[in-house]
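Notes follow the structure.
Order as written gives the chain letters A, B, C, D, E and F; numbering starts at 1 within each chain.
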């Protein structure tokens, strides 16, 4: 019975493994203590679900700025979890689906999870899944209600489930009373000083130690890791004779990154 | 006629008996006098419906914090009621159903109850059943209207009905004027002092008397029983060399339970 | 023609007679002068419709607290009217019907009434029929518009109609401008003093004259008759050794009737 | 062509003639100069449409209190118009129709009118036709838009049309900008003094000259004619020994007409 | 190719030619310099579309009071334009159509226009086409969005288009940001003095020069031309012995034109 | 595989090439340094997508006044990009499509793009695509949600994508939180001084150097390039004897361009 359950869910697993990998093309950089703390708590919850009899279902919300690395971290945790069933639920897969088809599919992924003794479901970008927009505001209450039930519903006896969700709109989820449903809420920090920025640039491999030293001394900004990497890359492309460090500082410094004409 | 009515409803009963059991995996802990008072009143109403000719239908609302044990208590009362028909109506069963199918199914459960001489229906998590969300606010008026009628509709002559409903959103139900419909509204308390917490930890069996003594002396917080048990379990998992009591106090003390990195 | 009209409507009549009876299981208690005044005016309107040529259609609204006895009084008036066609329109009968089916059925009952020379239609619990909820507010405008037309539409020549409607939400009906449509609006009072309460308890037969005397001296509260009877019955069930009068006073006195634990 | 047009519309005409008659069971009482002024202007417009080449379509709105006699007057004008096509559009005929069927039927009545050389359409109780309710507010914009176009659309060359509409909610029509569409807006007055009241009571035939004299001296209230006649009739029914004039004054005097108990 | 395009659109053209004529039964009176200025600008735009290569599509909005002659002017311009394709889009033609059918038909008329080398489309009474009502406000966003695109979309190479739209609700169009789309916004004035009024009355032919002289001396009001002509006609009908000039002044003077009773 | 992907998308490319050309009938005039700066940044992003491995998807928003040349610039960039797949998504193509068909088609264009190694999609006039209207406000949340996902979704490994979107309603997009999704936001300036205006008029070829000199000295206004060219053209048409420069100054000076009558 146990083995059959495992086999039944293999296809779902396989598909998601690929998807998870594409969320972290270049691995994770542990750029600060705060970031490492988040990773540690998340791993503790993975372990608690596996070991405890008191808590057959737990859920954790990863929240942070746009581009702070929420999806990348959730995917990394899933890939390293060694759980027999891991699944990514992402808005990208529902672009042509109606609200009710979406609801049925989400429910299906949870039913699949209940067949495995130990499962992890990543629900990425909740506000996008809910089709939230602040004007109105509008969102799919149908999907919200499903999540409110599914995130805390106990699996059948002997089965266990961890839910990892992500959002860049914590306040909205609070207003929807979905925050109460999570066991933990963890905040992914931005890259926020010269030192942390140096760690990231070093990992990108296009910057010389000299460039990096110059930047880490002069730069005191704060950017989500994805934006930081895009800016760093833009500086590389715009080869106008000035030093790479200079160009980085120019792009990273201005709110808008428009190339000065001249 | 009486016997046939009983037989007709047996299947429904059987199903719900299982469901009720799964709501109380480890039995109920009577952790305070206030909690015991609630249990006592609920039992008096069970008896009144059975005995009286004046009140063929009564309804009681159990309200309290998220995780305070409302569902667990309602299920326990149902299992111990010895009523020939007991039924659990829970949002978990309607995840794929449209509003109108939901309405028909709820109505059906009440019609089934009317076939039994004595029935108890648990309507769990009313605000979830109504798909309530505070933004808007939005909810299913169709379901609300059905409940408003069904909760006070007299069963056919000779039949009797008790409705137990639960909510963690009392104010909203008040605004919807559904509170007027209940004969009684009972509040399930949180676990609120060292002594009450000790009672719960003792029942969990992982804590030594020494741990418990230390905690009951130092701890003065207040948590719904489910959150208390999750925190207590998290402390057990995070075996980092400090004492279990210390870890419990650290996790239970902080608003967010993030593991400090180090 | 007259006789055929009568025969045609017999089935409808039969059904409703049963329904009316079930609304007044134990007869009506005339507990105060104010209550008797309401009954008298209602009877005058019944007579006016029967006798006058100027007013072929009249309508009266019975309004009062939840449980004040509106449905019971309307049903009693209908049963004693000796009108050849009497019909109860109640939300309980529409639990599975869509808005538009409801509209068609209501219209049908009025068309049936127009076949009888003299008809009485009880429209019970208007705000429930309209699926009114104060949040929003929301309600069925389709049903409201039908009632606005049907309550004042003249029957065909030679036919006469009285409409008795009930509500516990007078202000809302006023805001909907449906109050203008009624010939009369009558308020059913609560049971409001020791003497009136004594009259009701006496009729319930479980209280001794001694109990009643003690209560009528000490009690000065005010309750809708249905709530009063439920409280009185609760006191009977909770046989904890204290006197029945004491228990009544304890339950009737507290806003919430929770049994004190101890 | 002219004759064929006339023949084509005969059926519609016949039906409406019956309907118009039933709106004025007992003829019109010209109870005041103001009332007579309204009648005169309305007749002038009937004549203008018939004679002029400049204005092939005119429209007039009769507005006044609930029960002031708007429908009765419109029907009387139609019956006495000698127009070959007269049609009553009333909410009573649309009770089971959806919004869009209603729209198609209204449009149809106007198309029929365009076949006749000279037509009069009475659009009774516009706010009811629009299913207007002040809460929201809500109404059928589909029907409103149809009326906005139809009330000012010129008939085909050589055809003429007068529209008479009624409302007891002038302000709302103003807010909807439908008032701009009417050539004239006429206000039907209430019956507002002893003399005018006497005129009405005299016409009712149940009151002796002595009763009437006494009332016209003592009474100084103001009521729409329909309410006045209902009160007068109620006084007739309640034969409690006091004089008819006294009873009239008692009922007409109190805001609510509840019979005093005693 | 050019000739075939012309032939293809002939039927549409024919139909609209009739429709345009019926909008101006009695020709246009150029009653003021301001009015003549509007006509001149409109003609310049007709010429610009014909001659220029820079501006293949232009659009002009005629705005003014209800009855100021917007439709009449637009129709006159279309009839005198000598454009091979002219089309009137009017709310009167959509009375039975759903929103989406309306949208498809409007789009179709523009597609037809693109087949002709030179086209003029009159979009009459935009706010009615949009089913606008100030309560809410409500309107068809679907139609609005179509117009926003169609009014500025360039026709295929070598084809040219002028759009003339009308409205009596300029502020609303501004709020909808549809005003930005027009090349020009022209205001049709009311008839605003004795002299201008005289010009209009003279053209009506029922007033003697003596009447007109008297009126132009005494009258200083301001009315849209259509209202002015209706009032002038009403005065003609009401032959009560006073002079025509007097009657005109009486009717035109009072806000409401109710005939004084007497 | 690479070649096949290229072939598969050829038809889409062909169609759009035509469409792009029609958006820039007369080439682009680089009328100011600011304008040149925008062009330079846009080209840098085109290059970054082509060369970088870090940023497989980038998006840029061109925002500016109505008629400032956003569509023309986007089309020019696309035509000169030498990307194997270029596609124009414009509201003009969706005039008859329902919201959900629109969504499917947009998604399809992105799926097509993912088949090409290097793609550019122009999403023109976002607020029109969303059917945005400020009254309400209303817009298609379904389309908005699709864009929010598609604009940042990474293409399959080895494929790259640049999105260029345009809007004249930047604030609204900000309120919808779609601005966060763009890598860059670039503002297209208006033509804002005598010198810049001279550059544009010179390119139009109807103005003599003398006219241009006179205008550039006297004119100090600011207009979007499209409006400027329409005004300049209008002055050409209105040949009333005054000099072209005078006529230009008169039309460009007045807010409304109504021809003075005379």
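By definition in this document, a residue touches a chain if its C-beta (ideal position, glycine included) is under 8 Å from a C-beta of that chain, and two chains touch if they have at least 3 such contacts.
Note that this is a predicted model, so its numbers are computed, not measured.
Asker: Which contact partners do chain D and chain F have in common?
Answerer: A chain counts here if it touches both chain D and chain F, which gives E.
Asker: Steps needed, at minimum, to get from chain A to chain D via touching chains?
Answerer: 3
Asker: Would you mind reporting the rotation angle for the C-alpha fit of chain C onto chain E, rounded to the nearest 5 degrees?
Answerer: For the C-alpha superposition of chain C onto chain E, the angle is 120 degrees.
Asker: Using mean Cα positions as chain centres, tell me which chain lies farthest from chain A.
Answerer: In terms of C-alpha centroids, the chain at the greatest distance from chain A is D.
Asker: How big is the gap, in whole Å, between where the Cα atoms of chain C centre and where those of chain D centre?
Answerer: Chain centroid spacing, chain C to chain D, equals 34 Å.
Asker: Centroid of chain B to centroid of chain F, CA atoms only: how many Å?
Answerer: Inter-chain centre distance comes to 59 Å.
Asker: Roughly how far is chain C from chain F, centre to centre by C-alpha average, rounded to an integer in Å?
Answerer: 68
Asker: Going by the contact rule already set, what residues in chain B reach two or more other chains?
Answerer: Residues: none.
Asker: Which word fits the touch map of the chains here: line, ring, star, complete or other?
Answerer: ring
Asker: If contacts are counted as defined earlier, which sequence of chains do you get going round the ring from chain D via chain E?
Answerer: Sequence of chains in the ring starting at chain D, next chain E: D, E, F, A, B, C.
Asker: Chain A touches which residues of chain F in the complex?
Answerer: So the residues of chain F touching chain A come out as 33-34, 36-38, 40-41, 44, 47-48, 51-52, 54-55, 58, 100, 103-104, 107, 137, 139, 141-142, 144-146, 148-150, 153-154, 157, 175-177, 180-181, 183-186.
Asker: Contact residues on chain B for chain A in the complex?
Answerer: Per the stated touch rule, the residues are 22, 66, 91-92, 95-96, 98, 128, 131, 133-136, 138, 204, 229-230, 232-234, 236-238, 256-261.
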